[in-house]
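Going in written order, the chains are labelled A, B, C and D, and every chain counts its residues from 1.
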Amino acid sequence: MTAIRPLAPADHDAWLPLWRGYLTFYEAELSDEQTALTWHRILDPQFPIHGALATDDAGNAIGFVHWLTHAATWSALPYCYLEDLFVAPDTRGTGAGRALIAHVTGWAREYGAAKVYWLTHETNTTARTLYDRVATGTGFVHYEIGFDS
Amino acid sequence: MTAIRPLAPADHDAWLPLWRGYLTFYEAELSDEQTALTWHRILDPQFPIHGALATDDAGNAIGFVHWLTHAATWSALPYCYLEDLFVAPDTRGTGAGRALIAHVTGWAREYGAAKVYWLTHETNTTARTLYDRVATGTGFVHYEIGFDS
Amino acid sequence: MTAIRPLAPADHDAWLPLWRGYLTFYEAELSDEQTALTWHRILDPQFPIHGALATDDAGNAIGFVHWLTHAATWSALPYCYLEDLFVAPDTRGTGAGRALIAHVTGWAREYGAAKVYWLTHETNTTARTLYDRVATGTGFVHYEIGFDS
Amino acid sequence: MTAIRPLAPADHDAWLPLWRGYLTFYEAELSDEQTALTWHRILDPQFPIHGALATDDAGNAIGFVHWLTHAATWSALPYCYLEDLFVAPDTRGTGAGRALIAHVTGWAREYGAAKVYWLTHETNTTARTLYDRVATGTGFVHYEIGFDS
(Lines give C-alpha, C1' and ligand atoms only; values in the text may rest on other atoms or scores of the structure.)
Protein backbone atom coordinates (compact mmCIF):
# COMPACT_ATOMS: atom_id res chain seq x y z
CA MET A 1 0.00 0.00 0.00
CA THR A 2 1.09 3.53 -0.73
CA ALA A 3 1.47 5.75 2.33
CA ILE A 4 1.47 9.55 2.15
CA ARG A 5 3.12 11.85 4.68
CA PRO A 6 3.95 15.57 4.82
CA LEU A 7 7.48 16.39 3.68
CA ALA A 8 9.86 16.97 6.59
CA PRO A 9 13.52 18.04 6.77
CA ALA A 10 14.71 14.41 6.95
CA ASP A 11 13.03 13.67 3.60
CA HIS A 12 15.37 15.83 1.53
CA ASP A 13 17.49 12.97 0.17
CA ALA A 14 14.44 10.92 -0.73
CA TRP A 15 12.72 13.87 -2.38
CA LEU A 16 15.67 15.16 -4.43
CA PRO A 17 15.93 12.34 -7.02
CA LEU A 18 12.17 12.35 -7.50
CA TRP A 19 12.18 16.14 -8.03
CA ARG A 20 14.97 15.69 -10.58
CA GLY A 21 13.01 12.93 -12.29
CA TYR A 22 10.03 15.25 -12.48
CA LEU A 23 12.10 18.03 -14.04
CA THR A 24 13.55 15.57 -16.54
CA PHE A 25 10.05 14.47 -17.49
CA TYR A 26 9.19 18.09 -18.31
CA GLU A 27 12.57 18.57 -20.02
CA ALA A 28 13.11 21.44 -17.60
CA GLU A 29 16.38 22.65 -16.19
CA LEU A 30 16.43 24.40 -12.86
CA SER A 31 19.56 25.56 -11.10
CA ASP A 32 20.65 23.76 -7.93
CA GLU A 33 20.09 27.08 -6.19
CA GLN A 34 16.43 27.09 -7.26
CA THR A 35 16.00 23.49 -6.14
CA ALA A 36 17.44 24.38 -2.73
CA LEU A 37 15.13 27.39 -2.51
CA THR A 38 12.06 25.35 -3.42
CA TRP A 39 12.92 22.75 -0.78
CA HIS A 40 13.43 25.50 1.78
CA ARG A 41 10.09 27.12 0.97
CA ILE A 42 8.17 23.85 1.26
CA LEU A 43 9.38 23.68 4.87
CA ASP A 44 9.18 27.43 5.64
CA PRO A 45 5.91 28.32 7.40
CA GLN A 46 6.17 31.81 5.89
CA PHE A 47 5.46 30.40 2.43
CA PRO A 48 2.06 28.87 1.68
CA ILE A 49 3.78 26.01 -0.15
CA HIS A 50 3.36 22.47 1.13
CA GLY A 51 4.54 19.04 0.08
CA ALA A 52 3.92 15.36 0.71
CA LEU A 53 5.82 12.18 -0.05
CA ALA A 54 4.45 8.82 -1.21
CA THR A 55 6.20 5.68 0.00
CA ASP A 56 5.69 2.03 -0.90
CA ASP A 57 5.35 -0.98 1.42
CA ALA A 58 9.09 -1.10 1.96
CA GLY A 59 9.19 2.58 2.89
CA ASN A 60 10.85 3.67 -0.35
CA ALA A 61 9.91 7.12 -1.63
CA ILE A 62 8.07 6.71 -4.95
CA GLY A 63 6.40 10.05 -5.55
CA PHE A 64 5.66 13.55 -4.29
CA VAL A 65 3.22 16.38 -4.57
CA HIS A 66 3.61 20.15 -3.93
CA TRP A 67 0.73 22.54 -3.52
CA LEU A 68 0.05 26.10 -2.45
CA THR A 69 -2.91 28.32 -1.67
CA HIS A 70 -3.73 31.76 -3.01
CA ALA A 71 -6.58 34.25 -2.88
CA ALA A 72 -9.16 34.45 -5.66
CA THR A 73 -11.72 36.93 -6.98
CA TRP A 74 -14.58 34.44 -7.37
CA SER A 75 -14.54 33.03 -3.86
CA ALA A 76 -14.36 34.08 -0.24
CA LEU A 77 -12.22 30.98 0.31
CA PRO A 78 -8.74 30.54 -1.13
CA TYR A 79 -7.90 28.22 -3.99
CA CYS A 80 -5.46 25.35 -3.65
CA TYR A 81 -3.09 24.98 -6.61
CA LEU A 82 -1.53 21.54 -6.94
CA GLU A 83 1.60 22.68 -8.78
CA ASP A 84 3.77 19.55 -8.95
CA LEU A 85 2.92 15.84 -8.97
CA PHE A 86 5.28 13.01 -9.76
CA VAL A 87 5.34 9.24 -9.39
CA ALA A 88 8.46 7.26 -10.30
CA PRO A 89 7.87 5.58 -13.68
CA ASP A 90 8.51 2.05 -12.45
CA THR A 91 5.85 2.38 -9.75
CA ARG A 92 3.04 3.80 -11.83
CA GLY A 93 -0.26 1.98 -11.69
CA THR A 94 0.06 1.37 -7.97
CA GLY A 95 -2.37 4.11 -7.04
CA ALA A 96 0.32 6.49 -5.77
CA GLY A 97 -0.77 9.37 -8.02
CA ARG A 98 -4.36 9.00 -6.97
CA ALA A 99 -3.34 8.82 -3.30
CA LEU A 100 -1.23 11.98 -3.60
CA ILE A 101 -4.13 13.89 -5.16
CA ALA A 102 -6.46 12.59 -2.44
CA HIS A 103 -3.98 13.79 0.19
CA VAL A 104 -4.02 17.32 -1.22
CA THR A 105 -7.79 17.27 -1.54
CA GLY A 106 -8.17 16.21 2.09
CA TRP A 107 -5.72 18.86 3.23
CA ALA A 108 -7.45 21.59 1.20
CA ARG A 109 -10.89 20.66 2.50
CA GLU A 110 -9.70 20.86 6.08
CA TYR A 111 -7.79 24.09 5.38
CA GLY A 112 -10.95 25.71 4.07
CA ALA A 113 -10.16 26.04 0.35
CA ALA A 114 -12.89 26.39 -2.26
CA LYS A 115 -11.26 23.95 -4.66
CA VAL A 116 -8.11 22.15 -5.74
CA TYR A 117 -6.91 22.71 -9.28
CA TRP A 118 -3.92 21.89 -11.44
CA LEU A 119 -2.58 22.20 -14.97
CA THR A 120 -1.24 19.44 -17.17
CA HIS A 121 -0.04 19.34 -20.73
CA GLU A 122 -2.76 18.40 -23.19
CA THR A 123 -0.54 15.67 -24.62
CA ASN A 124 0.03 13.98 -21.23
CA THR A 125 -2.52 11.27 -21.93
CA THR A 126 -1.32 8.85 -19.26
CA ALA A 127 -1.82 11.39 -16.49
CA ARG A 128 -5.05 12.68 -17.99
CA THR A 129 -6.59 9.21 -17.84
CA LEU A 130 -6.28 9.46 -14.08
CA TYR A 131 -7.25 13.14 -13.91
CA ASP A 132 -10.41 12.54 -15.94
CA ARG A 133 -11.45 10.00 -13.32
CA VAL A 134 -10.83 12.07 -10.17
CA ALA A 135 -11.37 15.65 -11.35
CA THR A 136 -13.17 17.82 -13.89
CA GLY A 137 -11.45 18.97 -17.06
CA THR A 138 -12.81 22.50 -17.34
CA GLY A 139 -11.85 23.22 -20.93
CA PHE A 140 -9.71 26.17 -19.83
CA VAL A 141 -6.28 26.52 -21.39
CA HIS A 142 -3.19 28.33 -20.20
CA TYR A 143 -1.41 31.38 -21.65
CA GLU A 144 1.69 33.08 -20.30
CA ILE A 145 4.03 36.00 -20.83
CA GLY A 146 7.42 35.15 -19.34
CA PHE A 147 10.00 37.76 -18.38
CA ASP A 148 13.68 37.39 -19.05
CA SER A 149 14.90 37.90 -15.53
CA MET B 1 -7.39 56.25 -26.91
CA THR B 2 -7.94 53.79 -24.13
CA ALA B 3 -6.54 54.88 -20.77
CA ILE B 4 -5.82 52.45 -17.93
CA ARG B 5 -5.73 53.35 -14.25
CA PRO B 6 -5.64 51.40 -11.00
CA LEU B 7 -9.06 50.76 -9.46
CA ALA B 8 -9.83 53.17 -6.61
CA PRO B 9 -12.77 53.45 -4.19
CA ALA B 10 -14.53 56.02 -6.39
CA ASP B 11 -14.58 53.53 -9.30
CA HIS B 12 -17.06 51.14 -7.69
CA ASP B 13 -20.10 52.26 -9.68
CA ALA B 14 -18.20 52.17 -12.96
CA TRP B 15 -16.73 48.75 -12.20
CA LEU B 16 -19.91 47.02 -11.01
CA PRO B 17 -21.82 46.80 -14.33
CA LEU B 18 -18.66 45.62 -16.10
CA TRP B 19 -18.10 42.93 -13.45
CA ARG B 20 -21.73 41.83 -13.89
CA GLY B 21 -21.28 41.77 -17.66
CA TYR B 22 -18.22 39.58 -17.20
CA LEU B 23 -20.11 37.15 -14.96
CA THR B 24 -22.96 37.02 -17.47
CA PHE B 25 -20.49 36.22 -20.24
CA TYR B 26 -19.28 33.22 -18.22
CA GLU B 27 -22.89 32.34 -17.28
CA ALA B 28 -21.74 32.58 -13.67
CA GLU B 29 -23.80 33.63 -10.70
CA LEU B 30 -22.10 35.15 -7.71
CA SER B 31 -23.90 36.46 -4.66
CA ASP B 32 -23.94 40.21 -4.06
CA GLU B 33 -22.02 39.42 -0.87
CA GLN B 34 -19.23 37.81 -2.92
CA THR B 35 -19.14 40.77 -5.30
CA ALA B 36 -18.82 43.15 -2.36
CA LEU B 37 -16.06 41.01 -0.89
CA THR B 38 -14.14 40.89 -4.18
CA TRP B 39 -14.36 44.67 -4.53
CA HIS B 40 -13.19 45.08 -0.95
CA ARG B 41 -10.20 42.78 -1.48
CA ILE B 42 -9.09 44.57 -4.65
CA LEU B 43 -8.68 47.70 -2.51
CA ASP B 44 -7.41 45.98 0.66
CA PRO B 45 -3.60 46.10 0.84
CA GLN B 46 -3.70 42.89 2.90
CA PHE B 47 -4.81 40.92 -0.16
CA PRO B 48 -2.43 40.55 -3.11
CA ILE B 49 -5.33 41.24 -5.48
CA HIS B 50 -5.17 44.27 -7.74
CA GLY B 51 -7.37 45.79 -10.41
CA ALA B 52 -7.36 48.36 -13.17
CA LEU B 53 -10.02 50.09 -15.22
CA ALA B 54 -10.00 50.94 -18.92
CA THR B 55 -11.72 54.14 -20.03
CA ASP B 56 -12.42 55.54 -23.48
CA ASP B 57 -11.78 59.04 -24.78
CA ALA B 58 -14.91 60.34 -23.07
CA GLY B 59 -13.83 58.87 -19.73
CA ASN B 60 -16.42 56.07 -19.81
CA ALA B 61 -15.38 52.82 -18.20
CA ILE B 62 -15.21 50.12 -20.88
CA GLY B 63 -13.26 47.28 -19.30
CA PHE B 64 -11.34 45.99 -16.30
CA VAL B 65 -8.70 43.53 -15.28
CA HIS B 66 -7.97 41.83 -11.91
CA TRP B 67 -4.75 40.09 -11.06
CA LEU B 68 -2.95 38.61 -8.07
CA THR B 69 0.46 37.25 -7.20
CA HIS B 70 1.37 33.96 -5.57
CA ALA B 71 4.47 31.96 -4.77
CA ALA B 72 5.66 29.16 -7.04
CA THR B 73 7.91 26.11 -6.83
CA TRP B 74 9.75 26.70 -10.12
CA SER B 75 10.86 30.24 -9.47
CA ALA B 76 12.43 32.45 -6.83
CA LEU B 77 10.10 35.19 -8.05
CA PRO B 78 6.33 35.08 -7.67
CA TYR B 79 3.91 34.47 -10.50
CA CYS B 80 1.27 36.99 -11.51
CA TYR B 81 -2.12 35.45 -12.27
CA LEU B 82 -4.38 37.59 -14.44
CA GLU B 83 -7.65 36.16 -13.16
CA ASP B 84 -10.32 38.38 -14.75
CA LEU B 85 -10.36 40.43 -17.97
CA PHE B 86 -13.38 42.02 -19.56
CA VAL B 87 -14.09 44.59 -22.23
CA ALA B 88 -17.65 45.76 -22.90
CA PRO B 89 -18.89 44.03 -26.11
CA ASP B 90 -19.68 47.26 -27.94
CA THR B 91 -16.15 48.57 -27.45
CA ARG B 92 -14.22 45.50 -28.56
CA GLY B 93 -11.62 46.01 -31.23
CA THR B 94 -10.50 49.32 -29.74
CA GLY B 95 -7.37 47.86 -28.20
CA ALA B 96 -8.73 47.97 -24.65
CA GLY B 97 -8.08 44.28 -23.98
CA ARG B 98 -4.53 44.53 -25.24
CA ALA B 99 -3.97 47.69 -23.17
CA LEU B 100 -5.30 46.00 -20.02
CA ILE B 101 -2.97 43.04 -20.51
CA ALA B 102 -0.06 45.41 -21.13
CA HIS B 103 -0.91 47.23 -17.89
CA VAL B 104 -0.70 44.00 -15.90
CA THR B 105 2.50 43.00 -17.65
CA GLY B 106 4.09 46.33 -16.84
CA TRP B 107 2.97 46.13 -13.23
CA ALA B 108 4.25 42.57 -12.86
CA ARG B 109 7.63 43.38 -14.34
CA GLU B 110 8.10 46.27 -11.95
CA TYR B 111 6.80 44.18 -9.03
CA GLY B 112 9.39 41.52 -9.72
CA ALA B 113 7.23 38.65 -10.98
CA ALA B 114 8.65 35.85 -13.11
CA LYS B 115 5.70 35.82 -15.49
CA VAL B 116 2.08 36.75 -16.08
CA TYR B 117 -0.33 33.95 -16.89
CA TRP B 118 -4.05 33.41 -17.34
CA LEU B 119 -6.61 30.82 -18.28
CA THR B 120 -9.30 31.08 -20.92
CA HIS B 121 -11.87 28.65 -22.26
CA GLU B 122 -10.67 26.74 -25.30
CA THR B 123 -13.82 27.77 -27.18
CA ASN B 124 -13.27 31.51 -26.57
CA THR B 125 -11.88 32.06 -30.07
CA THR B 126 -12.33 35.84 -30.10
CA ALA B 127 -10.22 36.33 -27.01
CA ARG B 128 -7.71 33.70 -28.10
CA THR B 129 -7.02 35.59 -31.32
CA LEU B 130 -5.68 38.39 -29.16
CA TYR B 131 -3.97 36.09 -26.65
CA ASP B 132 -2.13 34.22 -29.42
CA ARG B 133 -0.67 37.56 -30.50
CA VAL B 134 0.50 38.85 -27.14
CA ALA B 135 1.27 35.67 -25.17
CA THR B 136 2.27 32.03 -25.49
CA GLY B 137 -0.32 29.28 -25.45
CA THR B 138 1.53 26.64 -23.44
CA GLY B 139 -0.67 23.64 -24.25
CA PHE B 140 -1.46 23.17 -20.57
CA VAL B 141 -5.07 22.48 -19.65
CA HIS B 142 -6.94 22.96 -16.38
CA TYR B 143 -8.48 20.38 -14.03
CA GLU B 144 -10.28 21.04 -10.78
CA ILE B 145 -11.96 19.38 -7.84
CA GLY B 146 -14.53 21.75 -6.36
CA PHE B 147 -15.85 21.46 -2.83
CA ASP B 148 -19.46 21.95 -1.90
CA SER B 149 -18.97 24.62 0.71
CA MET C 1 -9.58 22.49 35.17
CA THR C 2 -9.31 25.04 32.41
CA ALA C 3 -9.52 23.58 28.92
CA ILE C 4 -8.28 25.42 25.81
CA ARG C 5 -9.57 24.85 22.29
CA PRO C 6 -9.17 26.65 18.96
CA LEU C 7 -11.96 29.12 18.21
CA ALA C 8 -14.52 27.68 15.78
CA PRO C 9 -17.63 29.17 14.11
CA ALA C 10 -19.92 27.80 16.84
CA ASP C 11 -17.97 29.73 19.50
CA HIS C 12 -19.08 33.16 18.32
CA ASP C 13 -21.71 33.72 21.01
CA ALA C 14 -19.36 32.58 23.77
CA TRP C 15 -16.52 34.72 22.46
CA LEU C 16 -18.46 37.95 21.90
CA PRO C 17 -19.13 38.95 25.55
CA LEU C 18 -15.53 38.16 26.46
CA TRP C 19 -14.24 40.30 23.58
CA ARG C 20 -16.50 43.12 24.75
CA GLY C 21 -15.26 42.71 28.29
CA TYR C 22 -11.71 42.95 27.00
CA LEU C 23 -12.45 46.15 25.09
CA THR C 24 -14.13 47.61 28.17
CA PHE C 25 -11.05 46.80 30.22
CA TYR C 26 -8.93 48.81 27.77
CA GLU C 27 -11.61 51.54 27.62
CA ALA C 28 -11.63 50.96 23.88
CA GLU C 29 -14.55 51.35 21.55
CA LEU C 30 -14.67 49.36 18.35
CA SER C 31 -17.53 49.40 15.89
CA ASP C 32 -19.69 46.29 15.56
CA GLU C 33 -18.44 46.14 12.01
CA GLN C 34 -14.85 45.88 13.23
CA THR C 35 -15.80 43.19 15.74
CA ALA C 36 -17.49 41.19 12.97
CA LEU C 37 -14.43 41.61 10.77
CA THR C 38 -12.06 40.48 13.51
CA TRP C 39 -14.16 37.39 14.18
CA HIS C 40 -14.24 36.63 10.46
CA ARG C 41 -10.46 36.96 10.15
CA ILE C 42 -9.78 34.66 13.08
CA LEU C 43 -11.60 31.94 11.14
CA ASP C 44 -10.37 32.90 7.64
CA PRO C 45 -7.39 30.76 6.58
CA GLN C 46 -6.23 33.68 4.40
CA PHE C 47 -5.38 35.72 7.49
CA PRO C 48 -2.57 34.58 9.79
CA ILE C 49 -4.76 35.40 12.81
CA HIS C 50 -5.72 32.61 15.19
CA GLY C 51 -7.73 32.35 18.39
CA ALA C 52 -8.45 29.99 21.25
CA LEU C 53 -11.08 29.83 23.97
CA ALA C 54 -10.66 28.86 27.61
CA THR C 55 -13.51 27.01 29.29
CA ASP C 56 -14.03 25.98 32.90
CA ASP C 57 -15.08 22.60 34.28
CA ALA C 58 -18.71 23.28 33.44
CA GLY C 59 -17.80 24.17 29.85
CA ASN C 60 -18.40 27.89 30.29
CA ALA C 61 -16.21 30.21 28.26
CA ILE C 62 -14.01 32.21 30.65
CA GLY C 63 -11.27 33.66 28.46
CA PHE C 64 -9.72 33.93 25.02
CA VAL C 65 -6.48 34.64 23.24
CA HIS C 66 -5.76 35.91 19.70
CA TRP C 67 -2.40 35.70 18.01
CA LEU C 68 -0.83 36.18 14.60
CA THR C 69 2.46 35.56 12.88
CA HIS C 70 4.60 37.94 10.86
CA ALA C 71 8.00 38.04 9.22
CA ALA C 72 10.99 39.62 10.95
CA THR C 73 14.41 41.00 10.03
CA TRP C 74 16.33 39.33 12.86
CA SER C 75 15.20 35.77 12.23
CA ALA C 76 14.71 33.25 9.45
CA LEU C 77 11.64 32.10 11.38
CA PRO C 78 8.52 34.23 11.84
CA TYR C 79 7.52 35.87 15.12
CA CYS C 80 4.28 35.08 16.89
CA TYR C 81 2.51 38.17 18.28
CA LEU C 82 0.01 37.42 21.04
CA GLU C 83 -2.19 40.45 20.44
CA ASP C 84 -5.18 39.89 22.75
CA LEU C 85 -5.57 37.98 26.03
CA PHE C 86 -8.51 38.15 28.38
CA VAL C 87 -9.85 36.18 31.31
CA ALA C 88 -13.22 37.07 32.86
CA PRO C 89 -12.57 38.95 36.12
CA ASP C 90 -14.53 36.54 38.31
CA THR C 91 -12.45 33.59 37.14
CA ARG C 92 -8.99 35.09 37.55
CA GLY C 93 -6.54 33.10 39.60
CA THR C 94 -7.72 29.81 38.13
CA GLY C 95 -4.75 29.49 35.82
CA ALA C 96 -6.74 30.33 32.68
CA GLY C 97 -4.38 33.15 31.63
CA ARG C 98 -1.34 30.96 32.06
CA ALA C 99 -3.04 28.13 30.14
CA LEU C 100 -3.94 30.45 27.27
CA ILE C 101 -0.35 31.67 27.00
CA ALA C 102 0.89 28.09 27.11
CA HIS C 103 -1.50 27.21 24.31
CA VAL C 104 -0.09 29.94 22.07
CA THR C 105 3.47 28.98 22.98
CA GLY C 106 2.80 25.35 22.07
CA TRP C 107 1.16 26.36 18.82
CA ALA C 108 4.03 28.73 17.91
CA ARG C 109 6.68 26.13 18.64
CA GLU C 110 4.99 23.59 16.40
CA TYR C 111 4.36 26.22 13.71
CA GLY C 112 8.04 27.04 13.60
CA ALA C 113 8.12 30.53 15.12
CA ALA C 114 11.25 32.00 16.68
CA LYS C 115 9.41 33.46 19.65
CA VAL C 116 6.10 34.56 21.12
CA TYR C 117 5.82 38.18 22.25
CA TRP C 118 3.18 40.57 23.48
CA LEU C 119 2.68 44.08 24.78
CA THR C 120 0.95 45.11 27.98
CA HIS C 121 0.48 48.44 29.68
CA GLU C 122 3.16 49.22 32.24
CA THR C 123 0.47 49.90 34.86
CA ASN C 124 -1.22 46.52 34.41
CA THR C 125 0.42 45.07 37.52
CA THR C 126 -1.95 42.14 37.92
CA ALA C 127 -1.20 40.80 34.47
CA ARG C 128 2.50 41.61 34.78
CA THR C 129 2.79 39.45 37.89
CA LEU C 130 1.89 36.50 35.69
CA TYR C 131 3.95 37.69 32.71
CA ASP C 132 7.05 38.11 34.83
CA ARG C 133 6.73 34.46 35.81
CA VAL C 134 6.24 32.94 32.36
CA ALA C 135 8.09 35.34 30.06
CA THR C 136 10.93 37.85 29.87
CA GLY C 137 10.28 41.55 30.22
CA THR C 138 12.72 42.92 27.66
CA GLY C 139 12.72 46.56 28.71
CA PHE C 140 11.48 47.63 25.28
CA VAL C 141 8.70 50.18 25.16
CA HIS C 142 6.18 50.99 22.45
CA TYR C 143 5.75 54.12 20.33
CA GLU C 144 3.18 54.73 17.64
CA ILE C 145 2.03 57.22 15.03
CA GLY C 146 -1.66 56.69 14.35
CA PHE C 147 -3.41 57.86 11.21
CA ASP C 148 -6.85 59.40 11.18
CA SER C 149 -8.47 57.08 8.72
CA MET D 1 20.29 67.66 3.30
CA THR D 2 19.48 64.06 4.03
CA ALA D 3 17.88 62.18 1.15
CA ILE D 4 15.92 58.95 1.58
CA ARG D 5 15.44 56.30 -1.07
CA PRO D 6 14.11 52.74 -1.13
CA LEU D 7 16.81 50.08 -0.75
CA ALA D 8 17.76 48.52 -4.10
CA PRO D 9 20.13 45.67 -5.03
CA ALA D 10 22.99 48.09 -5.72
CA ASP D 11 22.80 49.41 -2.13
CA HIS D 12 24.04 46.23 -0.50
CA ASP D 13 27.58 47.39 0.13
CA ALA D 14 26.40 50.70 1.55
CA TRP D 15 23.80 49.03 3.76
CA LEU D 16 26.00 46.24 5.18
CA PRO D 17 28.31 48.30 7.42
CA LEU D 18 25.32 50.27 8.74
CA TRP D 19 23.46 47.05 9.53
CA ARG D 20 26.54 45.78 11.34
CA GLY D 21 26.80 49.02 13.25
CA TYR D 22 23.19 48.65 14.27
CA LEU D 23 23.75 45.10 15.51
CA THR D 24 26.81 46.23 17.45
CA PHE D 25 24.77 48.98 19.07
CA TYR D 26 22.32 46.34 20.33
CA GLU D 27 25.22 44.02 21.24
CA ALA D 28 23.57 41.47 18.98
CA GLU D 29 25.27 38.80 16.95
CA LEU D 30 23.63 37.51 13.84
CA SER D 31 25.14 34.97 11.50
CA ASP D 32 26.26 36.11 8.04
CA GLU D 33 23.65 33.73 6.73
CA GLN D 34 20.91 35.61 8.61
CA THR D 35 22.22 38.95 7.34
CA ALA D 36 22.14 37.64 3.76
CA LEU D 37 18.60 36.34 4.29
CA THR D 38 17.40 39.65 5.72
CA TRP D 39 18.86 41.55 2.80
CA HIS D 40 17.24 39.13 0.37
CA ARG D 41 13.84 39.49 2.04
CA ILE D 42 13.96 43.29 1.96
CA LEU D 43 14.20 43.02 -1.83
CA ASP D 44 11.86 40.02 -2.27
CA PRO D 45 8.33 41.14 -3.18
CA GLN D 46 7.03 37.95 -1.54
CA PHE D 47 7.99 39.28 1.90
CA PRO D 48 6.21 42.34 3.31
CA ILE D 49 9.56 43.71 4.47
CA HIS D 50 10.80 47.01 3.08
CA GLY D 51 13.82 49.20 3.58
CA ALA D 52 15.13 52.66 2.84
CA LEU D 53 18.55 54.29 2.94
CA ALA D 54 19.49 57.77 4.13
CA THR D 55 22.31 59.56 2.33
CA ASP D 56 24.05 62.84 3.06
CA ASP D 57 24.83 65.69 0.68
CA ALA D 58 27.83 63.84 -0.70
CA GLY D 59 25.73 60.74 -1.38
CA ASN D 60 27.26 58.74 1.47
CA ALA D 61 24.95 56.27 3.18
CA ILE D 62 24.44 57.38 6.79
CA GLY D 63 21.41 55.42 8.00
CA PHE D 64 18.69 52.94 7.17
CA VAL D 65 15.24 51.83 8.21
CA HIS D 66 13.41 48.50 7.77
CA TRP D 67 9.68 48.04 8.20
CA LEU D 68 6.99 45.46 7.57
CA THR D 69 3.21 45.22 7.63
CA HIS D 70 1.03 42.69 9.38
CA ALA D 71 -2.65 42.12 10.08
CA ALA D 72 -4.22 43.16 13.37
CA THR D 73 -7.33 42.36 15.40
CA TRP D 74 -8.23 45.94 16.26
CA SER D 75 -8.25 47.36 12.75
CA ALA D 76 -9.49 46.62 9.25
CA LEU D 77 -6.24 48.12 8.02
CA PRO D 78 -2.84 46.53 8.60
CA TYR D 79 -0.25 47.85 11.03
CA CYS D 80 3.18 48.99 9.93
CA TYR D 81 5.98 47.85 12.23
CA LEU D 82 9.17 49.89 11.97
CA GLU D 83 11.52 47.13 13.11
CA ASP D 84 15.01 48.60 12.57
CA LEU D 85 16.30 52.18 12.52
CA PHE D 86 19.90 53.27 12.55
CA VAL D 87 21.88 56.42 11.91
CA ALA D 88 25.69 56.37 11.94
CA PRO D 89 26.89 57.88 15.26
CA ASP D 90 28.99 60.60 13.63
CA THR D 91 26.03 61.90 11.64
CA ARG D 92 23.49 62.07 14.43
CA GLY D 93 21.70 65.36 14.90
CA THR D 94 21.46 65.95 11.16
CA GLY D 95 17.80 65.01 11.01
CA ALA D 96 18.44 61.66 9.32
CA GLY D 97 16.53 59.68 11.96
CA ARG D 98 13.55 61.97 11.73
CA ALA D 99 13.64 61.81 7.92
CA LEU D 100 13.76 58.00 7.96
CA ILE D 101 10.73 57.82 10.26
CA ALA D 102 8.90 60.34 8.06
CA HIS D 103 9.67 58.17 5.03
CA VAL D 104 8.08 55.14 6.66
CA THR D 105 5.10 57.17 7.82
CA GLY D 106 4.52 58.49 4.32
CA TRP D 107 4.84 55.02 2.84
CA ALA D 108 2.45 53.53 5.39
CA ARG D 109 -0.16 56.22 4.85
CA GLU D 110 -0.13 55.64 1.11
CA TYR D 111 -0.12 51.86 1.59
CA GLY D 112 -3.25 52.10 3.70
CA ALA D 113 -1.93 51.17 7.14
CA ALA D 114 -3.74 52.18 10.33
CA LYS D 115 -0.55 53.21 12.12
CA VAL D 116 3.21 52.96 12.32
CA TYR D 117 4.69 51.61 15.53
CA TRP D 118 8.06 50.57 16.91
CA LEU D 119 9.79 49.39 20.03
CA THR D 120 12.86 50.85 21.66
CA HIS D 121 14.72 50.08 24.84
CA GLU D 122 13.57 52.18 27.80
CA THR D 123 17.17 53.20 28.48
CA ASN D 124 17.74 54.51 24.93
CA THR D 125 17.29 58.12 25.99
CA THR D 126 18.92 59.68 22.95
CA ALA D 127 16.54 58.00 20.57
CA ARG D 128 13.56 58.54 22.86
CA THR D 129 14.12 62.28 22.80
CA LEU D 130 13.37 62.15 19.10
CA TYR D 131 10.57 59.59 19.43
CA ASP D 132 8.80 61.66 22.07
CA ARG D 133 8.70 64.50 19.58
CA VAL D 134 7.40 62.64 16.53
CA ALA D 135 5.31 59.84 18.05
CA THR D 136 3.27 58.81 21.07
CA GLY D 137 4.79 56.72 23.83
CA THR D 138 1.86 54.45 24.67
CA GLY D 139 3.08 53.10 27.99
CA PHE D 140 2.98 49.55 26.66
CA VAL D 141 5.95 47.32 27.42
CA HIS D 142 7.23 44.21 25.70
CA TYR D 143 7.41 40.61 26.92
CA GLU D 144 8.70 37.60 25.04
CA ILE D 145 9.18 33.87 25.23
CA GLY D 146 12.05 32.86 22.96
CA PHE D 147 12.55 29.37 21.63
CA ASP D 148 15.89 27.69 21.40
CA SER D 149 15.82 26.84 17.75
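One rule holds in what follows: a contact is a pair of C-beta atoms (placed from the backbone, for glycine too) under 8 Å apart; a residue touches a chain by one contact, two chains touch by 3 or more.
The chain lineup, named per UniProt: A, B, C, D = GNAT family N-acetyltransferase.
Keep in mind it's a predicted model, so treat the numbers as computed, not measured.
Touch-path distance (fewest steps) from subunit A to subunit D is 2. The rotation relating subunit C to subunit D, fitted on Cα atoms, comes to 180°, given as a multiple of 5. Separating the CA-averaged centres of subunit A and subunit B is a span of 26 Å. One simple way to say how far apart two chains are is to compare their mean CA positions; for subunit B and subunit C this gives 38 Å. The centroid of the Cα atoms in subunit A and the matching centroid in subunit C are 35 Å apart.
Each of the following residues of subunit A touches two or more other chains: 46-47, 71, 76-77, 113. Chain contacts here close into one cycle, and each chain has exactly two touching partners. Pairs of chains meeting the touch criterion: A-B, A-C, B-D, C-D. Taken together, the subunit A residues at the contact with subunit B in this complex read 28, 30, 34, 37-38, 41-42, 47-49, 66, 68, 70-77, 81, 83-84, 101, 105, 108-109, 113-123, 131, 134-147, 149.
Remark: subunit B residues 44-46, 69, 71, 76-78, 111-113 touch subunit D in the complex.
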